[in-house]
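Have a look at the structure below, then the notes.
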Amino acid sequence: MLSSREVEKKKNNKVVEVGDVKVGGEELVIMAGPCAVESREQLFEAAHRVKEHGGQILRGGAFKPRTSPYSFQGLGEEGLKLLAQARERTGLKIVTEVMDSEDIDLVDSYADILQIGSRNMQNYGMLKKLGRVDTPILLKRGYSATIKEWLLAAEYIIAHGNPNVILCERGIRTFETATRNTLDLNAIAFIKETTDYPIIIDPSHGTGKRSLVTPLAQAGISVGADGVIVEVHPNPKEALCDGEQSLKPAEFANLVIKLDKVAKAIDKKLAV
Amino acid sequence: MLSSREVEKKKNNKVVEVGDVKVGGEELVIMAGPCAVESREQLFEAAHRVKEHGGQILRGGAFKPRTSPYSFQGLGEEGLKLLAQARERTGLKIVTEVMDSEDIDLVDSYADILQIGSRNMQNYGMLKKLGRVDTPILLKRGYSATIKEWLLAAEYIIAHGNPNVILCERGIRTFETATRNTLDLNAIAFIKETTDYPIIIDPSHGTGKRSLVTPLAQAGISVGADGVIVEVHPNPKEALCDGEQSLKPAEFANLVIKLDKVAKAIDKKLAV
Amino acid sequence: MLSSREVEKKKNNKVVEVGDVKVGGEELVIMAGPCAVESREQLFEAAHRVKEHGGQILRGGAFKPRTSPYSFQGLGEEGLKLLAQARERTGLKIVTEVMDSEDIDLVDSYADILQIGSRNMQNYGMLKKLGRVDTPILLKRGYSATIKEWLLAAEYIIAHGNPNVILCERGIRTFETATRNTLDLNAIAFIKETTDYPIIIDPSHGTGKRSLVTPLAQAGISVGADGVIVEVHPNPKEALCDGEQSLKPAEFANLVIKLDKVAKAIDKKLAV
Amino acid sequence: MLSSREVEKKKNNKVVEVGDVKVGGEELVIMAGPCAVESREQLFEAAHRVKEHGGQILRGGAFKPRTSPYSFQGLGEEGLKLLAQARERTGLKIVTEVMDSEDIDLVDSYADILQIGSRNMQNYGMLKKLGRVDTPILLKRGYSATIKEWLLAAEYIIAHGNPNVILCERGIRTFETATRNTLDLNAIAFIKETTDYPIIIDPSHGTGKRSLVTPLAQAGISVGADGVIVEVHPNPKEALCDGEQSLKPAEFANLVIKLDKVAKAIDKKLAV
């Protein structure tokens, strides 16, 4: 595979640059924000808290992949505009999902990172088209994709021209039902050892429970991830999606403090 | 859910009409053909054998979802044209996969049934657009989708305007590695009991082994499926994809004879 | 492996004799009865109905493996005595579970077939001791055991001296939650093709739902199983375990009629 | 369930005392040693290195559960005697597996902790008998057991009289094949939050690869485990089992140094 680490291990990992934020380098990156962009007030409040407490990149969905056709589907382009405004106000970069190959150009005109969700990891038509832009791609692992399938999905993007792929482990589907998914931290260590991709973890989707996000984020940093992406909402109880796994701003602040300590214990540091 | 069977069970299932072929009615439908359209000779030979031995619908991929970007990706529109020619010559209807929402109109201009593959079952952008055509949709189950997620994917199509959905169980991903997938026949019985969708099985992908296709096809009919879709290739050893699970024409002929007997044992019959 | 079928396929399968009942031969065997032996009345009523409607072997648990320590654990030796009395009254053979290696001799003094449950499939201490008796063993597949692990568990018994192993597919654990387990019929076809073991299916545990037992039993026979084992209870609503998956006697009678038709369609017949 | 943490969270966790070693208290415990006791030289060398580099408890199997009946099955009581001698020489406590309920008294006469392996987690006959001793039990999670099933297995032991249960997460079976198992660190966080059991992790079985053991051990400590159990062998290349996942002594020394740093970052410390 194109990106496989040689037997003689490389000294440096691949670094994907998102403006002046580097993913995969010496500093760990924190991406945070609400599951969905719901309103100007909600998004701006979230963005300010993410910036204040140490995040570099704002997440938020404008197009939402929902299992049911009757669930909230996102604000669409209006959501993208709000994200761009939040970027202007805070200086945060923005990462947001593109759900359909026809929307790539639209989302690309607003976002700093294009997120490909778990359900689209093997949407090969879309992957090929993502090869034609040079915006960084956050490629989430399919919830039942093997590591090999995931790396081959990444190669679709690279082979079609865009080398800027960041992987994101977000939990796999197993028989366990106590947690929403099973965060596969073996995968982080395996990928860091055998490839040069930057890789981050998503403990929010990986656990589905607010109280488990911080310990799993700590574990993810300890095992070698280049950063985390977490859901933060000003008022999780009223969130239109994923409220039960979203951190409150004060919990997010506490998370960053804890990750800073763990990072230092393994001779890394947060981007801050 | 829209299509849920009422507690008081319905007397009749929903029938999806593909021209004069009815899927979900009293007669069991057989769809067969090669994994991929490879050439005029290969496709026409397969089509004639499918027709001769009792199939109603010809399958064949023009756009192929391949795990690796370096594998054969299909002939594209040229493959669609060959399928249309095979239809003219044999009278078979054709079913072929649409892999990208941008290709829906193109594929729809040739096909009698639009197939949505396992990896795109939750490609909601595409599902919504499929609601805008009225061509029948063959919705394959995602290889790790729950029955509930699958039915909700079907409702995306229906809720956006196209009621002509045929489900296809093609095996789920489990820990077992002796077979390519695990064909979930529980799902057939469960769906026949609780919904009114027509549903067929794909024992070729469901097992990944030629020698297991016929017994599992028999099982699928016994459990209540409305038909089967199987891979048939004039020369499986030289197939560009899925050769090890493709039946030879003589094996296909034998399959149809066996299915005919099993169908009668449960008071059904083949469409012939 | 000891029991692997040679490349040149054998003409005859291995037949395990349970008195005058042959498992793995030309006639399909039906084992039926309650999940647990609950009382004399319950067991005798079940046994008479099983005999009347065409079963050859009576199932019923005296020692019950329950996930919770607070659930009904079985009648123990009293249950074994009731099973022996039911055998005398009806002429049915009896199959019952041994849960602990210390109980092998006790259960063996009553039973015609010793059942090893899913949770003990890899209890190697017990498997070795089962090699020292010559009573037939019904080895249920571990709910997450690969086919290879299952066949190696069978070889533990054979390698220690007891060749009389009957396999039983009872459903595997997958991500699907709509049914209790996923009955793996691929495994039946695969094992019939590659080994000479007799193998039966358990659609009661394999589905967990009464209404799905009959269609899956039909599928199991169609795919090549040598028989079925099903739960039958005189009054499922009051069963101490597995009531929701137990057939009523009339449903069992209907099941046998349907299996008879399917058997004939594949040129087999029921033992009757 | 007996051991469920109250809604009002308890201030103290349950501590299981293994002589003067406390599992579940303020200090993190390290258990290490070879997969199997192979010889006096191998075991004593391993024991001395474990002691020298900071372990408190020596692991080593005398009775080995092997998938194949033709693999090395362990030295039996001779292995137990060697473990007892290694304890005398080093002062380490010993943990070793009991594979059969008939061996409980024998193993209990040598061991400080009785290990119940993954395949026996639901061997309820054995669990009940383990309730009659008061030696600490290391209850490994079944490789496909849900957290709930695991906690109920622990309650079997407790309900029958032995409160000294230590849980051990050792990886679950998933579709992923790049690693031997998938270490479920969600489970550690979930169990620490909802119960008062001490719980350790086994990154050796959890990954199956030597190079992944250290990062996953770090992750396990970060997420809240009370200790680790790892395989260490003087010469992994010649190990009779699990050589590819066993650390060399120098790697073990390095592991302890790294865990010490991670422990401090989360305000804990190693037992040392």
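Each chain carries a letter (A, B, C and D) given by its place in the written order, and its residues are counted from 1.
Please note the rule applied: a contact is a pair of C-beta atoms (placed from the backbone, for glycine too) under 8 Å apart; a residue touches a chain by one contact, two chains touch by 3 or more.
Please read these numbers as outputs of a predicted model, since none were measured by experiment.
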item	value
Touching subunit C and also subunit D, the following chains	A, B
Rounded Å distance, subunit A centre to subunit D centre (Cα mean)	34
Whole-Å gap separating subunit B and subunit D, where each centre is the average of the chain's CA atoms	48
Shared-contact residues (touching 2 or more other chains) in subunit B	144, 173-175, 177
Touch-based graph of the chains, sorted into line, ring, star, complete or other	complete
Partner subunit D, residues of subunit A touching it in the complex	144, 146-148, 172, 174-179, 181-190, 192-193, 206-207, 209, 211-212, 215-216, 218-224, 258, 261-262, 264-266
Residues of subunit D that touch subunit C when the two form their complex	63, 65-70, 99-103, 119-120, 122-126, 143-144, 149, 152, 155-156, 159-160, 173
Of subunit A, residues touching subunit C in the complex	144, 173-175, 177
